[in-house]
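The letters A, B and C name the chains in turn, as written, and every chain counts its residues from 1.
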Amino acid sequence: MNKISSRFPTRLKIKNGYVDMTHGAGGRAMAQLIDELFVRHFDNELLAQGNDQALFNVNSGRMVISTDGHVVSPLFFPGGDIGSLSVHGTINDVAMSGAQPLYLSASFILEEGFELAQLEKIVISMANAAKAAGVPVVTGDTKVVERGKGDGVFITTTGIGVVPEGLNISGLNARPDDAIIVSGFIGDHGVAIMSSRENLEFETEIVSDSACLHDLVADMVAAVPTIKTLRDPTRGGLASTLNEIAQQSGVGMQLNEDDIPLRPEVSAACELLGLDPLYVANEGKLIAICRRQDAEQLLKTMHNHPLGQHAAIIGHVVEDDLGFVTMETSFGGNRIVDWLAGEQLPRIC
Amino acid sequence: MCLALPAEIVALSNDNDTATVSLEGVKKEISLALVEDVAVGDFVLIHVGYALNKISPQEAEKTLALMAEAGVLETVPEGVKDEIR
Amino acid sequence: MKYVNEFRAKDLAKKLAKQIAREADPSRTYNVMEFCGGHTHAIFRYGVQDLMPENVKFIHGPGCPVCVLPIARIDSAIELAEHHRAIVCTYGDMMRVPASKKKSLIKSKAAGADIRMVYSTQDALKIARDNPDRQVVFFAIGFETTTPPTAVAIKQAQAEKLENFSVFCNHVLTPAAIQHILQSPEVRQIGSVSIDGFLGPSHVSSIIGSAPYAYFAEEFQKPVVIAGFEPLDVMQSTLMLTRQINDGRFEVENEYTRVVTPQGNKKAQQLVSEVFELRRLFEWRGLGDVPYSALQIRQAFADFDAEKRFVITPSTGRDVKGCECPAILRGAKRPTDCKLFGTVCTPDNPQGSCMVSSEGSCAAYWSYGRFRGAKTKSVKKAQVA
């Protein structure tokens, strides 16, 4: 049970309250915001201590640290919000090294005038995501910027984790003949975001796939410790992530369009807007690269996990100095799947 | 060119000015200002939020049939030239 | 998706590929110009060229309204937002096209101009209703497919007395462009570009019908096949063109019968002729001044003409030095012939419209086709699929 501090004469007026400059000034107002909003909802021992840092023991071994800034707009979208996204995203980044995530920190940059009720919603969402993942937010920071200088709220989360012995997972490891696996349907998140943007309104049942993948990863590395690469295809989509890895490892890739899991609805929404699903963001998917002989085993393991039910082998790594990612289209011809250039905008032509 | 997509009309507005179309469950409201006599169940070509034309199911079948003939023809059969006009 | 997936079927593609190979005469080449950017996009995205025999080649035409819009017009749109402080509504395609002084709509927006991307003219009307104290200008671009929606918006604005709404009109006409290409020196006199037939635009034709192309077929003795949008349509139409070329015929044929009729969409045509009239001259990027190739708003709707409402500085914007967009748009050069291609000019840093527009030859070639020329012998033959 968490105790609301009795330092403050009155409770924070969340219902009709707004963020103002005092909430970032370091004084009583800020302390109250932290106490009655963040500490209350994140609800863990370390945070409740009230220090500027969180102190914990470290088991010997290799550790990873990862950080992510979250600026998504709109703040709330089908299947999630900036809060849950910030927790899932950083946990996933940590998990992509094969690590077990331990703790999160969260830094908030709030815009003057932002509704406290909205902020609370976001914080509760974060707290729920953290609890479900078993990874608490143990320290944080709050700053306030003047009206017009922020987009409501920006959240930066940093996560740390421990990598079990015997794993060597990196984007440098892909080699010719390795299998390329994706954990499920691509494009859900980006389409969910687009569907809630102004002037692009369309009705759809598609929701963001935002989710924590560390549990799935734990199963995967236990079954196939020789996994070479793990990465989650967020901004820029599957195509961008594969190009990154191809470049890092100095290899090429050959994909098969027919094998890439894609929901018909997502495909239709992309057609409508003139977008290519390969470049649309995902927030609950991962790419795994493993030795060809391990692929079946890895796939089986993934299929047994709710977040990997629709995992599929989508292609193989090939030798290619130039690092091209190519794809045999469902039509039979071949095309390259390039880096994303600029930002993918809906088109009419 | 012009990105236009076939979509099914699933609902008409009261004044028949707009319709809701569905593409694999993705729904969008579009304007009917450029077409006439559309009914629920018709397929229309949509472009920048407007229905441009109705799609003829019969012609679609014919075109697919023509395509399917390819690859099994040794020479262009008599009468094909007239058919494809 | 119905009427989409059936026209992308792999098994039919194989059949058509075989048939085209059978009927294409190995002693000659077949140069097919696909006029429309949508076809360029389909050809590259699905790898249709891979399925063609060696002697059937696609030449990419200027059918990309984004590509052919001169820099000066984009400068004017930016001026409307920056100087006249209007809310400028534009389709997504125009956002990244380079204008003069290294500007673009997206950069101008980043610098604070109120430029908003819309999906439909209806969205622009809504913005005008929601912002009665601001001027709202719709940046209208596109061929005959995209023109009727603008006509509808102007009529609606007039009916609603939406006084703060106006249109900056840049609609262009397809037949005029085709004619201009066929009359260009490279085609007519020099003969360096040989075009044996045209794949006619799918959706422009759904509006104007198949009738208007008869003139070209006769006058220039080139066959035209109006081709649907999907890759199978492109292949079937190429087969039909091959047959015409073999027979020495130059007729207008319609492959896209499920949408295109000889007379087209009369309702849309009437709306367009009610609201717009021909401009005597209009500059096309790459083609220079083309007579009777573009539309302007009629006097009856002058109140909604942004060019009459605002004083717009005539711009002298010119293409970047070395940019070969003009020649590429005419089919006279390939992207790889341009010195800037792949060096200075890339999708991340486009110098000309051919690279920005997702259907521009250069963008398509970069995204989908670049690797063919670049593959070196270091690519392992035992490539696993």
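The working rule: contacts are C-beta pairs under 8 Å (C-beta built on N, C-alpha and C of every residue); 3 or more make two chains touch, one makes a residue touch a chain.
What you see is a predicted model; the values in this text were computed from it and never measured.
Under the stated contact rule, the graph of chain-to-chain touches is complete, every pair of chains being in contact.
Looking at which of B-C and A-B shares more C-beta pairs in contact, the answer is the pair B-C. If you average the CA atoms of chain A and of chain C, the two centres end up 37 Å from each other.
One inter-chain figure worth recording: chain B and chain C are separated by 21 Å, centre to centre, where each centre is the mean of the chain's CA atoms. For the pair chain A and chain B, the distance between mean C-alpha positions equals 39 Å. Among the residues of chain C, those touching two or more other chains are numbered 1, 4, 14, 17, 37-38, 64, 91, 119, 123, 142, 146, 359. Residues of chain A in contact with two or more other chains: 264, 267-268, 271, 274, 347-349. Touching two or more other chains at once are residues 1-3, 5, 23-24, 47-48 of chain B.
Considering their complex, residues 176-177, 199-200, 252, 254, 256, 264, 267-268, 271, 273-274, 292, 316, 318-322, 324, 326, 328-336, 338, 341-342, 345-349 of chain A touch chain C. On the chain B side of its complex with chain A, the touching residues are 1-3, 5, 20, 23-28, 47-48. The part of chain A that touches chain B in the complex is made up of residues 201-206, 264-265, 267-269, 271-272, 274, 347-349. Chain B meets chain C in the complex at residues 1-6, 8, 23-24, 31, 33-36, 43, 45, 47-50, 52-53, 55-57, 59-60, 62-64, 66-68, 70-74, 76, 81, 84-85.
Those residues of chain C lying in contact with chain A across their complex are 1, 4, 8, 10, 13-14, 17, 37-38, 44-51, 64-66, 91-93, 95-96, 116-119, 123, 142, 146, 231, 346-348, 357-359, 363, 366-371, 374-376, 378-380, 383-385.
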